[in-house]
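Here the structure is laid out as C-alpha cells; the discussion comes afterwards.
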C-alpha cells in the first residue's frame, strides 16, 4: 500500500512531467522534416542539430521575442507590485472585513481570465465604453486607438495577474507584529518613516515572491498579447505558437520553449527558495 | 505609507479588478447588438446563447473534461500530498516533490508544447493515444491539477493531525479504522478544495487545450478564445455572466467547506 | 508482586543519536511515576516506546509479565494522553470519549453508561455535544483524560498533562489528577519537564538525562539526596561546591573557604557536594560545617528571602532565609553560614 501510494503518482509524474520536458530538449536538437510528425530525431541518422538553438541567438526575431517577453513580464510584475502591496497590507489590516476583501480580490481570479480580457476588449475598442465616455466628455472627437496596443496588453496582464501578487503580500502582512510599528512610532518615526524602515524590510521576501509569481507565468503568456496586444508584440509565447502551428517548425518551437525555461530557471529557483523561507 | 494612502490604493485596486467585470455583466442584459452599448433591458443574448449549439457542445465537453481531470487530479494529488506530508524521508522523496512542483512553475506554453510532443511520440511508438482530443486534454489538465491538488492537500495534513491518528490507534483503532474515522473526515474539505481548484483550472485553460486538443476536442475556453480574437459580441457578455455566477457559487462552496474544517 | 510495567535495557537510536540508552525501569500497579527531564532527554521517546509508536532497537518492554514486542499500539492495554490532547476536532466531546470503546465493539448500552461515568468523574456534564474548539483549555485537558481513562487501561501514559494549562489551573488540575489516579487504580506514567509538577504529583520520580535514567526514587529522596551534579542543579537549584577529598572523607573546598563534612565519609570518587539553599542557616559561633561570607544581594520572596553570599574563597552561595527567623541580614553584612552534616550530599561526577 505504502509503495503503491508512491509508485502511482511517481509514474504519472515521470510520464507526464519529466518525459515531456526531456522530449522538448530532444526536439530542440532535432531536424525539421516533411512528414508526420514533422521532425527527425537525432538518432534517425543526421545526429544532433545545433542550428535551432544557434538560430535563437543569431536571428533578431527570436532573440528579441525572448528579450521583449522578459521586459513585459518585468513591467507586469512591477506594476502588479505597486497595486498589490497596498492592497495586501490594507486587507491584512482590515479587521473583520478581511475575509470579505480577500474574497473580493480572489473572486475575479476564479471568474476565468478570458472573460476579464473580453471585458477589456469591450471597454477599449474604438466604439467601446472608454472612448464613448471620452467623447461624451468632449475630450476627443475621433476615437483614440486603445485596443491592440502595448498599453492594452500591459493592462490586461496586470489585471489577470494582480490577485497572484496580492496573496503572498497579504499572507506576510498578517504575520507582521503591529507592536513593531507602534514601537517605531514610540521612538519618533513618522508613519511614512516607520513603513519604510520597519514594515517594508519585513515584507521584502513576500514582495519578491509576489513579483516572481507574476513574472514567471507572464514571461510565457500567449493569450493576452494575442487578444489585446499589437500584432508586432511578438512575445515568446506567441512565437512558439506561430512556429509550431503555422510554420510547423517543431524543433524551433521546442528550442524557444527550452530557451524560455532556461531564462526562467533562476527566477523559479529563487521563488522556490523564498517559498520555503516564508 | 500612511494608513489613508493604503486604503485609497486598496479601493482603487479593487475597482480596477471589478469595474470591467461589473460592466460586462451589466451590458449582458442590453438589447443592443453592439457590445457595451445600452439598448434597453433584454435577455435576448442569453436566448441566442442557448441556441448556439457549437458553444453548448463545447461547454458540455469542458464540464466533462473538468470533472474527469479534477477527479483524477484529486486521487493522484491526494496520494502525493499524503506521501510528501506523512511518509517522512525516503529514497526519491526530493525527486517526487520536485516533479510534483514543476507544473506549478512551468510557463503554460512549455507545458502544453511538451505534453503534445509526448502524445505524438507515444502515438508513434505505441499507437496510443490515437490522435488528440478530449482524452489528451483530460490527461494534460489532470497533470496540472494534480500538482495544485497535492499542494492544497499536503498543506492541510498538518503535523497536528498526525497526533490525532496516533491517538485513534492508541484508543484501539487499527490503522485502517484510524484512517477511515479520523484522517479521511479531516482530509475531506482539503480533497474537495483540491478538486474544485483542479476543476476551475481545467475550465479556464486555453493554452494546454490548444496544444493537446485536435479538431474534435474544442473546449469552451478554446471556443471563447477564437470568438474573442474576432472581437467582442454581446453573446460573449451573456456567456461570461453565466460563468461568473457559476464561479461565485463555486467559491462560496469552497469557503463553506474550509470554514467547516475549522 | 510483579511489576505492572518492566523496561529492561531499552535502547532507541535515531541515526547516530541514542534517544534511549539502556533504560531499565519498573512501575508497580497503582503507582504514579514521573519521568522528569529536559528537552531531548529521551522522556517522550520512552513514552512512545511504551505506547507502541516507536520500536526499541534492543531491550524488552513487558506489561504484567507479557512481552509487548511487535504488539501494535491499537492492541496494547495502554492508553496515552497526548501533549496536544489530540482531540478529534470533527467529533463531539461524547463521541471523542466513546471512540475507544466503539473500537472495542462494546454493546451500545455499555458504551453509553461508561461515557456517562467518565463525564461525571471529570465534571464534564453539559459539554457532551460540544466540539473541542468550543472548550476551554482545562476542559479539553479533562476530555483528553476522560477519553484515555474510559478504556480502563492498566497503564495510562501522560505526556506533559499540565503543560498546556496556565499557571492558575495547573495547581488545581494537578490535585485532580492525583485524585483521579487514586480513584481509577491505574498505574500512571507522566512525562514532564517541570520539576515542581513531578515532585508534587508522583509517588516516584525518575530523572532522565541524555537517554538514561540517572536517578529514580521517591520525590523527597531524589530532592534531598541527588546523586549527580546534573540532578542537584536541575532539581531545586542546589549549591554545588567543588573541592578535593581529604583523607578522612571530608571535602576541602577553597571556594567556600571551609571543609564540608557529611554524615558518612565521602566516596572515593566524589569531588563535589550539593547543599540546598534552605538548609543553610546563620550561625553565631564558628565550628564544624561553618563558613564566613558577605551578603551581596537579597531578594524578598514572600515566605523567605534569597540571599547571594560571596564566600571568602570567592564562591557564591544561594541561601534561603525563612521570614520566621526574623529580618534577613542587610546587603554588605558579614555573615557566618552553617549547615548540618546530614545536608551535605556527595555528588558523583
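Chains here go by letter, A, B and C, matching the order in which they are written, and residues are numbered from 1 within each.
As a convention for this text, a contact is a pair of C-beta atoms (placed from the backbone, for glycine too) under 8 Å apart; a residue touches a chain by one contact, two chains touch by 3 or more.
This one's a predicted model, so the numbers in the text were calculated from it and none came from an experiment.
S.K.: Quick check on this structure: which chain has its C-alpha centroid closest to the centroid of all protein C-alpha atoms?
M.R.: Per-chain C-alpha centroids ranked by distance to the global centroid put B first.
S.K.: Which of the chain pairs holds the record for C-beta pairs in contact?
M.R.: Chains A-B share more contact pairs than any other pair.
S.K.: Just give me the whole-number Å value for how far the CA centre of chain A lies from that of chain C.
M.R.: 58
S.K.: Quick one: report the Å distance separating chain A from chain B, using the average Cα coordinate of each chain.
M.R.: Between these chains, centre-to-centre, one finds 17 Å.
S.K.: Using mean CA coordinates as chain centres, what's the chain B-chain C distance in Å?
M.R.: 54
S.K.: Would you mind writing out the residues of chain B in touch with chain C in their complex?
M.R.: 160, 163-164, 166-175, 177-178, 181-182, 185-186, 262
S.K.: Can you tell me which positions in chain C touch chain B when the two form their complex?
M.R.: Chain C residues touching chain B: 51, 53, 72-75, 78-80, 82, 84, 86-90, 99-100, 103-104, 133, 147-148, 151.
S.K.: For chain A, which residues are in contact with chain B within the complex?
M.R.: My answer: residues 2, 5-6, 8-10, 12-21, 23-24, 27, 37, 83-84, 86-87, 89-91, 93, 101, 103-108, 110-123, 125, 127-129, 132, 159, 162-163, 166, 191-192, 195, 199, 216-217, 219-223, 226-227, 236-237, 240-241, 244, 250, 253-254, 257, 260-261, 264, 268, 271-272.
S.K.: Contact residues on chain B for chain A in the complex?
M.R.: Where chain B meets chain A, its residues are 1-3, 5-7, 9-10, 12-14, 16-18, 20-21, 23-24, 27, 34-37, 76-77, 79-80, 82-83, 87, 90, 92, 96, 99-103, 105-111, 113-115, 117-118, 120-121, 124, 139-140, 143, 146, 150, 200, 203-204, 206-207, 210-211, 221, 224-225, 228-229, 231-232, 236-237, 240, 243-244, 247-248, 250-251, 255.
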